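Paired with subunit B in one complex and with subunit C in the other, subunit A is shared by the two complexes that follow.
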Partner chain A sequence: MYKRLLDRLLRWTLSLDVWINRVYPADFNPLYYTGGLSNLFLTVLVLSGIFLFLYYVPSFTDAYTSVQYITGAPPFGLNGVPYGQIIRGIHRYAADGFIIVILLHFFRNWFTERFRFSRDEPWISGMMLLVFSGFIGVNGYMLVWDQRAQLLVAMTGNTLGAIPLVGGALRSALFGGAGTTNLLLPRMLFLHVGPATALYVLLWWHYVRVRHPKVWPPAVWTLFSLGAVLLLSAVIPAVSQPLASTGAPPDRLAVDWFFLLPYVALKYITPAWLVVLAVVIVVYGLYIPYQLPETHAEMGIRESGIAQVIDANCTGCELCYYDCPYNAIVMVPSPHPGVTRAAQARKLLAIVLESRCVECGICIGACPFEALELPALLEKDVQGKVLEACRT
Partner chain B sequence: MTEESGPYGIWIALLALVSLVCVIGMVWGELTSHRLWTGGFIGVVLVAYSFILLFLRKGGFTGV
Partner chain C sequence: MRDLPNVTLIQVPCSGFVRPAWLEFALRNGADGAFVCGCPLGDCFNRLGNNLIADRVVQMRRRLERQKIQPDRVATIFFGLHDRAEFTTAVREFSDRVAALPAPPPPAVRRPAAGPASPAAAQGAPAAAAQGAPAAAAGSPAPQAVVEGSPDEGRPDAPAGEGEA
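Moving on to the complex of A and B:
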């Protein structure tokens, strides 16, 4: 049943591609660049975040005022930070854009089953990037220390407190003690900036098995995304709620639907159920690559064997290295010349990394020198089968 | 270039004109400290440029 649903979702996704390709040239289709767009928004977030970091003061007494100073809100007006309001808006709307494109990236890769074989690593690292991004976005809202931040802290504290055994300790570690302590905002600032740095480590993991990742969108979408973020920053400026009060937190939440949705859920379910729901969603997300049968027999795929380099024929031309989508081929300095005339002057030799090879045979097609073979599916056998199929 | 290039050419010219007006707006915003407007005008220019690039391509002026 799950497989049938996935097949239907795949058809819908491909139909959407076809429809968009009628409007845009195929290499401009934004759905092909959701990963690259995520990188673009992340870069914008980091650069605008560095700007805001220079002016932000992480203390209960000064945090709100420092944000008002950045944005030139009363009483600062024109004495505020020049273009601070625009930069804050860019940070806010780029964060929304980031979440939108990584969710699109997530669903597109799910529906097109791009989590199979060695793509489970990009999937797992992608899930972690998604979770980290959500966490960073939420504690960014706490840094402003307005009434929304105060309510978020209270709700987060209640939710963490609902976790059995470790909840209280986790809340103390996160907030610096029970309730709101002076350590809260410095910790939130650290947890906003630190995991943002970790995103780049996860990105490295995300890309390490992908040979030709589209890490940047085409100019059309770079310009459009930057323009849209700037335009939104000007038309709907990012503003703070009223200053957090010393008393009880407010009972209403000004919602950012892209980051604060779980908090809206607290209106309908208890914190304990929210924790259970979050854990189920994350665990299921991590399980997705392993849900469908993956052994070769179950999938009806032949056992071709790990690709092997025929030393005598390899010319070191690097065509296989560039074509392998799984980064399973590396080029090393050749220890000796090859045997064929073309291979005698080689300077490099292709080596197959067994742990990364998925036996797909792309390298065989890439090599014009017959220097690679799948041991259980030789090229002459394939040619024989093709000829036989042509005859029938 | 093809026969379909004409309408795209007109759109490109219009967007270039809008961009020019927005650049004047940017200077005005900077001189009069209307910084939100300046930011908005920059945004419009970038969005207009993105559509100019798209129409250049669709009209067959660039690319394949």
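Moving on to the complex of A and C:
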């Protein structure tokens, strides 16, 4: 059932690719670069965020004013920070773009099953990146301290409070005490910047098993994304809501559909159910790579066994090491000479790290010395098939 | 591949798995042409496999040229399993191109016994393979397959036949 659904989704994803490939050359298909695009948006966010950080004051009395000062809103006018409005717009719209492309990245890699074998680690770190990004985004809306921020704080407090036993403690830990205390905004500022740094640690984990990661999109898409963000921030300026009141929070929410979706859900379900839903989604997301323990027959040719190095033939030429897309091959100093003539004088020996091998066989194609084999599909098996095909 | 009866598919885990030597092996053993099919370029399931095999086949074509084998007998075709019609068209084009080539040169005299089965393949009529397994369109995210195409032109691969210049 799930397998059939996944198959259907795979076909839809790939036909979407075909459709886009008709518009763009395949080298520039933006869906092939969702990872690079997220990295681009993250860089833009960090740079514009540093700019905003220089002017932002995390206190109830000054936070709103400092944001108004950055953007040159009414009391300041031309005395505001030059281009502050544009930078703030960039920060806002790049964040929206970021969440869009990481969701695309998530769904695309889910539907094309790129979480098999040892690729579960990029998947897990990717889930964490997703959760962190959402958290940072919501924090950012609280920092402005307008009416929306006040409402968000109230809703978050209610939702956390709905967790049995630890709820109240969690809420005070997050907000620095019961209700809105003076600690709230400094803490939010730290939770906005700190996890953004943690994103880079997680990104390292995301990339560590990947050789030649596509970190940046093609130049065309870099320019297009930057241009789109810049244009949006000029055409639709990012503005604050009115200043937060001291009384009860407002009862309506100005929604950013990309980050504040869970808060919209609060209109329809109780906070307790929202917590349950969030936990289920995250736990299920972490479970996705382990969901299909397929039998050997179902996997067929794709489960050919971990690549084996044939010690006698390996010449230590490093070709497999350079070509392995998952960094699964390391070169070690050769403990003894090889057997064949080419392997006599070798200095290095290739070793396959079994925990990283995805059984794709790319190293077999890379090796000109027949020193690597997939156990379930040996070279002589392939040659046998070729001969059979030629005979009939 | 039911509509292309003279093409046989061999499934492999990833197009990057294919050693160019195997394509040459196929050519030497009676196939008229051989191509590797992989995921669309830029979207390899295993990240880099199709780019690698594309490069390797380009290098191999140069090697074949030196050996007086027409390099057009090997090719790479990159399609996902989502456009079957275009894939079939591409294979048919390749097949027609190979068919239009002049006959291959006689097997090198220097090595009389090329391979264990080569006499059979060489004597046997056109090395055409009736084909089952449209496996390409069924299983994996992209139909990775090394294919030995051999359009049957009714021209026997005579071992000592008309050598083309």
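Here is the rule we use: the second predicted complex is superposed on the first by the 339 of 392 C-alpha atoms of A that agree within 3 Å, B and C clash if a C-alpha of one lies under 4 Å from a C-alpha of the other, contacts with A are read in each partner's own complex, and residues count from 1 in each chain.
Following the convention adopted for this analysis, a contact is a pair of C-beta atoms (placed from the backbone, for glycine too) under 8 Å apart; a residue touches a chain by one contact, two chains touch by 3 or more.
Bear in mind that the values here come from a model prediction, so they are computed numbers and not experimental data.
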Contacts of A:195 with subunit B and subunit C, given as first, second, both or neither: neither
Contacts of A:358 with subunit B and subunit C, given as first, second, both or neither: second
Partner chain in contact with A:382 - subunit B first, subunit C second, else both or neither: second
Touched partner set for A:234, first subunit B, second subunit C, both or neither: first
Which superposed partner A:176 touches (first subunit B, second subunit C, both, neither): neither
First (subunit B), second (subunit C), both or neither touched by A:226: first
Which superposed partner A:32 touches (first subunit B, second subunit C, both, neither): second
A:161 touches, of subunit B and subunit C: first, second, both or neither? neither
Subunit A residues touched - subunit C or subunit B, whichever exceeds: C
Overlap of the subunit B and subunit C footprints on subunit A, listed as residue numbers: none
Of subunit B, residues touching subunit A in the complex: 33, 35-40, 42-51, 53-54, 57-58, 63
Touching residues on subunit C, where the partner in the complex is subunit A: 8, 10-14, 16-22, 25-26, 29-31, 40-43, 45-49, 52-53, 56, 80-83, 115-117, 120-121, 124, 127-130, 139-141, 146, 148, 150
Parts of subunit A lying in touch with subunit B, wherever the complex brings them together: 24-25, 28, 72, 78, 82-83, 85-86, 89, 219-224, 226-235, 237
Residues of subunit A defined as touching subunit C within the complex: 10-11, 14-15, 17-18, 21, 26-27, 29, 32, 112-114, 210-212, 300-302, 304, 323, 325-326, 358-362, 364-368, 374, 377, 379, 382-383, 385-387, 389-392
